[in-house]
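Same chain, two partners: chain A is paired with chain B first, then with chain C.
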Partner chain A sequence: MYVAVKGGERAIDNAHAWLAEERRGDPSVTELTLPQIREQLKLAVNRVMAEGSLYDPDLAALAIKQARGDLIEAIFLIRAYRTTLPRLGASQPVETAAMAVDRRVSATFKDLPGGQVLGPTFDYTHRLLDFKLAAEGELPVAPLAPASPETVPHVTGLLDRDGLIEAAPREETPPPDLTREPLELPANRPLRLQAITRGDEGFILSLAYSTQRGYGRTHAFVGELRIGRVPVEMDIPELGFAIEIGEVELTECETVNQFKGSKTEPPQFTRGYGLTFGQTERKAIAMSLVDRALRWQELGEDFTGAPAQDEEFVLSHCDNIQATGFLEHIKLPHYVDFQSELELVRRLRAEAMQIQEAAE
Partner chain B sequence: MTERPEDLARKGWMSLLAKAPPARLAALLPDLPETALLRPAEVGSVMVRGRVGGTGAPFNLGEMTVTRCSLRLACGAVGHAYVQGRDKDHARRAAVVDALMQTPEAARIEAQVLHPLRLEAETTRTTRAAKAAATKVEFFTMVRGEDQ
Partner chain C sequence: MSDAYNFAYLDEQTKRMIRRAILKGIAVPGYQVPFASREMPMPYGWGTGGVQVTAACLTPDDRLKVIDQGADDTTNAVSIRKFFQRTAGVAVTEATAEATVIQTRHRIPETPLCEGQILVYQVPIPEPLRFLEPRETETRKMHELEEYGLMHVKLYEDIARHGTIATAYAYPVKVEGRYVMDPSPIPKFDNPKLSDNPAIQLFGAGREQRIYALPPYTQVISLDFEDHPFEASKAPHDCDLCGAGDSYLDEVITDDRGSRMYVCSDTDFCAGRRAAGHVGRLGQPGAAE
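Let's turn to the complex of A and B:
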């Protein structure tokens, strides 16, 4: 039981005033602007949008500044803000096959229609600190090359044509929404994907890694990883047709996994799916591995007791705002709870000593 | 929903306005006519959906901010706007353009506002595509020493 406390208003006000001063840091250093955060710390902005579950780069930049760079605190601010917004509707599902790709790689096929496009990646960098960045003033320029106007087909579509991979047939069932109804288990795959895409990157990463190390192994290859922009369309009731209401950057990862077949399915490859806001590829890859691990029942695989296979474990612990809320609340005043614990321990000790004395 | 040709044209400009940089739209259409607000600009969210496996059942990916506005010009033409982000001026201006496109002013608005926006969006898109194309690779699998 939590019993409220009161008092300490002045100390709290002063603590927050000091927080504001510390946030600003040394005043002789130029103050950080929101466009600087949005443009130059884009991957932090992307993570805050993905886990805050709200696509708005300017708001994410503000949250990062306010949170002094603590991304979970920033995600908390975004989650709190989004609850104040009226929901105007739901979009039509985005067409990732029509994505304008910045990056598209496949670890399974060397030659594929549309080619391998590296995009602005950290891959193949040497991970050596670049001290040139400590000096200001460089204006790097990316080279250009003639581009094909055609859309880039999904890699899994190629395997699908031969029946070598399980199909993901189009379907229009309205998905459950975590932000409207509390999570209920067992969850269907759309609900799991919603929970994982807004889940903590570190948690999802570690779970995915655990499957690679053998705790619910699924033998995943990255069939395709793509990053780029897609338009978002929504039906507008007052018009009677759909319009594009904006454009979002997404990362999509599809894994191709070994599957020896079951009673009803012939041997074929199976799939794990990851889709995240922004350029957030570590998260999208991890998401696709965890999605695949959670599908053991549907695919007739054994439950080995691995954490990544345990839907309740994964879905109940992946949200870093729930996690940090419960974790951090134990630092707040619990004087009354603790007082009762203290009395209990004193009484038990007294009883134990009486018994001991009686025995002696 | 069935789309009539005039709906398709309107869908085209409304989509363009939704994604236009607000400052650029304001520069192209600095002065707004008198309007009656039918629905004042309102900031809200839209749940963006994806599909399982890219092609399967829909799921909720996360929300995006959207601002909408509806208004009427003195001549009676009604304009609607749904634009990305939280900029109310952007939504009002987009609704004005939508309304003006239904009046004899359409040709002027097309030339003054929509045409430049379309060109600029296309340039942004093709420049990005050209940068991506410059990073296209050919991987070769190597014959390893022990196989020779």
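Let's turn to the complex of A and C:
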């Protein structure tokens, strides 16, 4: 005998209790601490900060712990928290040319002012499982070198001096804020870059890859990739000048793209730009490729129908919090709409059967 | 009630922004107003638009009802109701007639609404033309120019292929002779209740960043053709618990031999009828909880 479904509330409470127990796992294993996550799963923390668009390694570590390592879930926790925070003001634009670089590589020049610095990269590691890590480890120590007093100018700036690359004049109008205004299309470049920098790493990666394989090809060289810390300064109205309020770690990628000129532009190199929180270089490189692909219109290139060129397609689908929410909502009850479809299909079938029988 | 957040979770600036969008929506019935939807502490697609609209409408004196599929006790309705109990401390009810604000997913309550009530719909895809034209830039233009030919062609093709309009839910409507609107995925059985309704009807789509509205007593016509008039259909049964012949029914599979029973999807309506002594085919007299 059917009883009207009751007990949703108790079911939810029980599910949450079970989830909490599962999150902790085997209690005989030591519990993870936030400093452990922050220090030893730093790249996960970085991704959560970048896509959560909130620079706070401790909160990101907490979110990762709470989300049981599901990074999209952790990003969601950070986003939901972020929206509740008051806006105290806007910082000065950060000056990435003044970055204290941990890593700086250029694929376009063998050597250049500021030099090439590999930094802590997986690039040339052989991907062999290091079974020593499975045991209690020794303390790895890296050799130290004195910090170079040399400034590290942007590669694109060096090209710009000769007019070889499109000019990027300083823009004084404040950019629109994606998190405070509804996204209306067509968007402009600052809005696109905001959307992509918090967009899903996997989605942006695949789009960038698709441009390399010919779907909106832009032939990008990594002019420069730099990772390091920059000071954040803010104007304090009471003081009348800007003071440093902290520093953030950023990854910046500038691509130099082949460009043969178009109906409106002379032949010169063009730019793609990526900037992300933390050490997140896959994302920053991918971002710069997608940025460049999306610029076809302003550069007078042809729209080839490639997904990476399609602003509406990219911006409407790059946010993994929107995507995962809508994707997963289909597991919610749909009895009512399904019931209406059921009735419709039954009626259409009955009519079709009647016609068939009449014909026989 | 949690003190860590503002009343009804959203900060006052955000609520003001949402209220402006709601007012604009009410001023232009059926028009989709863009709004700066916030990330909510529940996933997009799970009612974040409705939750934001409800949050912007609630006052401490309100009495809130939340339903999903017509029922107060479905898991997501429970979760949303709890959210507002926790963040706004408002009174809640399951009785349609007692609620001042009702948030719903996929249904309009059977009990007629009255003046002073607000019905808030959760909307997944606010654009009725979306599955005919995926681009927002195009569909906005189509609304501007009142260019709805594509929709009529779609309905006509349904008739040509199936002999009937093969849309059973989210059935498109025209509002006050101007905007074609998606009524959210309610069954078309509910469409007639949209029109001339004394309550304020608000539609919130969080992920898609749109709010639209029907002020009280707005004319809402379900699209159709003269020779294929709109028909509000339901399962050809009565409720097996309360015997109602005029309510929308859920079909419940009761064994693996094809047995079915049909029960009101609106649980408050069904319980009210049973309490009043109505008994259906499988109901027990006086069994209403």
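Everything below uses one rule, namely that the second predicted complex is superposed on the first by the 350 of 360 C-alpha atoms of A that agree within 3 Å, B and C clash if a C-alpha of one lies under 4 Å from a C-alpha of the other, contacts with A are read in each partner's own complex, and residues count from 1 in each chain.
In the analysis below, a contact is a pair of C-beta atoms (placed from the backbone, for glycine too) under 8 Å apart; a residue touches a chain by one contact, two chains touch by 3 or more.
These numbers were taken from a predicted model, which means no experiment stands behind them.
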Considering only touches as defined above, state whether A:F76 meets chain B (first), chain C (second), both or neither. second
Taking the superposition on A as described, I'd like to know which of chain B and chain C A:P86 touches: first, second, both or neither. both
When the two structures are overlaid on chain A, which partner does A:Q258 contact: first (chain B), second (chain C), both, or neither? neither
Taking the superposition on A as described, I'd like to know which of chain B and chain C A:Y55 touches: first, second, both or neither. first
Report for A:Q322: first if it touches chain B alone, second if chain C alone, otherwise both or neither. second
Between chain B (first) and chain C (second), which, if any, makes contact with A:M234: first, second, both or neither? first
More residues of chain A are touched by which partner: chain B or chain C? B
Figure out whether A:D102 sits in contact with chain B (first) or chain C (second), or with both, or with neither. first
Taking the contacts chain A makes with chain B in one complex and with chain C in the other, which residues are shared? 82, 86, 179
Which positions of chain A touch chain C when the two form their complex? 1-2, 4-9, 11-12, 76, 79-80, 82-84, 86, 179-186, 312, 316, 321-322, 324-329, 332-337, 339-344, 347-348, 351
Listed in rising order, the residues of chain B that touch chain A in the complex are 1, 3, 7, 10-11, 14-15, 18-19, 42-66, 68, 70, 80, 82-86, 125-141
Contact set on chain A toward chain B in their complex: 49-50, 53-56, 58-59, 82, 85-94, 96-97, 100-103, 110, 115-121, 142-149, 154, 156-157, 168-179, 189-191, 193-194, 197-198, 231-232, 234-236, 238-248, 250, 252, 254, 271, 273, 275, 277
Quick check on the complex: what are the chain C residues that touch chain A? 5, 9, 11, 34-41, 43-46, 48, 68-71, 73-79, 82, 105-107, 124, 135-137, 162-164, 166, 168-170, 185-189, 207, 209, 233-235, 240-241, 248-252, 254, 261, 263, 265, 267, 270-271, 282, 289
